[in-house]
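So the structure is just underneath, and the comments pick up after that.
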Amino acid sequence: MSAPVYVSVVGAGSATDEEYERAREIGRLVAERGGVVVCGGLGGVMEAAARGAAEAGGVALGVLPDEDRSRANPYVTYAVASGVGQARNLAVVATGDVVVAVGGEYGTLSEVGLAGKVGRRVVSLGSWDVGDHVVRAASAEEAVERAFSLLREEGQGPASR
Amino acid sequence: MSAPVYVSVVGAGSATDEEYERAREIGRLVAERGGVVVCGGLGGVMEAAARGAAEAGGVALGVLPDEDRSRANPYVTYAVASGVGQARNLAVVATGDVVVAVGGEYGTLSEVGLAGKVGRRVVSLGSWDVGDHVVRAASAEEAVERAFSLLREEGQGPASR
Amino acid sequence: MSAPVYVSVVGAGSATDEEYERAREIGRLVAERGGVVVCGGLGGVMEAAARGAAEAGGVALGVLPDEDRSRANPYVTYAVASGVGQARNLAVVATGDVVVAVGGEYGTLSEVGLAGKVGRRVVSLGSWDVGDHVVRAASAEEAVERAFSLLREEGQGPASR
Amino acid sequence: MSAPVYVSVVGAGSATDEEYERAREIGRLVAERGGVVVCGGLGGVMEAAARGAAEAGGVALGVLPDEDRSRANPYVTYAVASGVGQARNLAVVATGDVVVAVGGEYGTLSEVGLAGKVGRRVVSLGSWDVGDHVVRAASAEEAVERAFSLLREEGQGPASR
């Protein structure tokens, strides 16, 4: 059995209904492919991605900005309390092999930038489309398909365990 | 089913044989009680704690200082690449409900201090015994027993999910 | 005497000649207005901004990703070794009252995002133009003018000391 | 003119009168020797050290846990808003060439540990005396004398700029 792929799903803490359902489907599809979902552990897109993973019987890691785990959304399988505030955005993208961005505000923009800085590709679903490391997708299904195919292109199953 | 307790196991990246075996037993005992082991993800005590958890069929989270997951020891169930260097010590202790320290050098000392700062109790097994938040144990078994009883005293199962 | 305004100047560690000269002029102009220049402490745009400030007799703070100050460029007046790797980008923008971005790659993009997250306006001089918190400038002089006028609009001298 | 030595002064945010006066004298003595004082930027020992430096016409850097500079004590010459919470303790000790600890609670203990981790010696004035990298002093004067002599022993003026 090979090590799982980790997919970071990033987006705003307050999501529209459409964003929420998209992130939930992304979480579900990643889990169905055996991947681990990584998110920021709070609400909105973060909650939806974790929820989708949980509903498919998969695993979602939530990396919180806080000094304890109490604010983790109820769908996170395992929560990490980073204690470093918004610097946890670095941990969220660095933990993934690839990043999927759904909608999002400035925090998400910082994650797209940090992903590029640490060499992760980003699939944007209605999110920021800035930088050569970003590709677009038009649906949750396409986003997950592109995320996994980007990893294959890079000759990585999971780039790292 | 209630949320699991998280126990952070901290100690040096190079462990003596005795420290390694103690940390491994701690990992095993925490897992047997249904707890999640949290560690720094690298070698020595960190590896041993994760190994013990894995051997008991449990879960070990490894929070690395690095920008990717590649250096995680092979026993970590899920690795988090924090990207923040030694500041990840804060994440390791903040993620746990309680901390067990086995041997250890200056990094471990910083974790004992950070644990106190964020309000976590520490059980020291041949490690730093500094601060009112630290209690001593003489064996792996006693260390785990004390860790769980400290949590009960605080009226917490898991202080937070 | 009122507290100085802090202006964060962000951009890539490898700058084109044009970017270098622009950042140097920005550093000089900020210092001439009594402002403190904040940068990432390394080369390229970071060096140029610090150099401009130093050449005008002003002060440049350099916030490094490293665990010591040894890589600070020679023009930094005071260096801070953050120890947190790329998470120091948060410190660079959070320390400023306003941010000026000159050219730049993914690290700069992350700074533009983090600036928005912590409520700082950004003036882009040939840099990322993404988000409602970003305004454009066509020259170093205009960039500094806009930075200071954004602060006046917000009713802040320095938002904080 | 050679680069200045940076001396990190650490201790609790609430200081006794004796601790406050000791930290203030340390700040003054460091500044009189041409050194830069580095502190955590808030109250208690942090304020006192900055105050002493300022009263002697010197410079004090304050590295805050916060996302803006507003809580910096009024004696800090230049404030840095790290944004990373308690992880800024790493920045405080990593920025210094040597560390002086005055009294202090768990945060200070973490700084003593982190100092050891990143290779900085610590002079303890009524503070934690744990680890081979710590030497004791009985007065502010002796603490500063020992701090500078430790640096000379290491063959460093400033270990790094």
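Each chain gets a letter, A, B, C and D, in the order it is written, and its residues are counted from 1.
The rule is short, and it goes like this: contacts are C-beta pairs under 8 Å (C-beta built on N, C-alpha and C of every residue); 3 or more make two chains touch, one makes a residue touch a chain.
Just so we're clear, the structure is a prediction, and the values are computed from it rather than from any experiment.
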A-C or A-B, whichever has more C-beta pairs in contact: A-B
Report the chain whose CA-based centre is farthest from the CA-based centre of chain B. C
Return the distance between the CA-based centres of chain A and chain B, expressed in whole Å. 26
Cα centre of chain B to Cα centre of chain C, whole Å, reads 40
For chain B, what residues touch not just one other chain but two or more? 67, 83-87, 90, 118
Among line, ring, star, complete and other, which best matches the way these chains touch? complete
Okay, in this complex, where on chain C does chain D touch? 6, 36, 38, 59, 61, 63, 66-70, 72, 74, 76, 78-84, 87, 90-91, 94-95, 118, 158-161
With touch defined as at the start, can you tell me which chain C residues reach chain B in the complex? 67, 83-87
Flag every residue of chain A that touches chain C in the complex, lowest number first. 84-87, 89-90, 105-118, 128, 130-131, 133
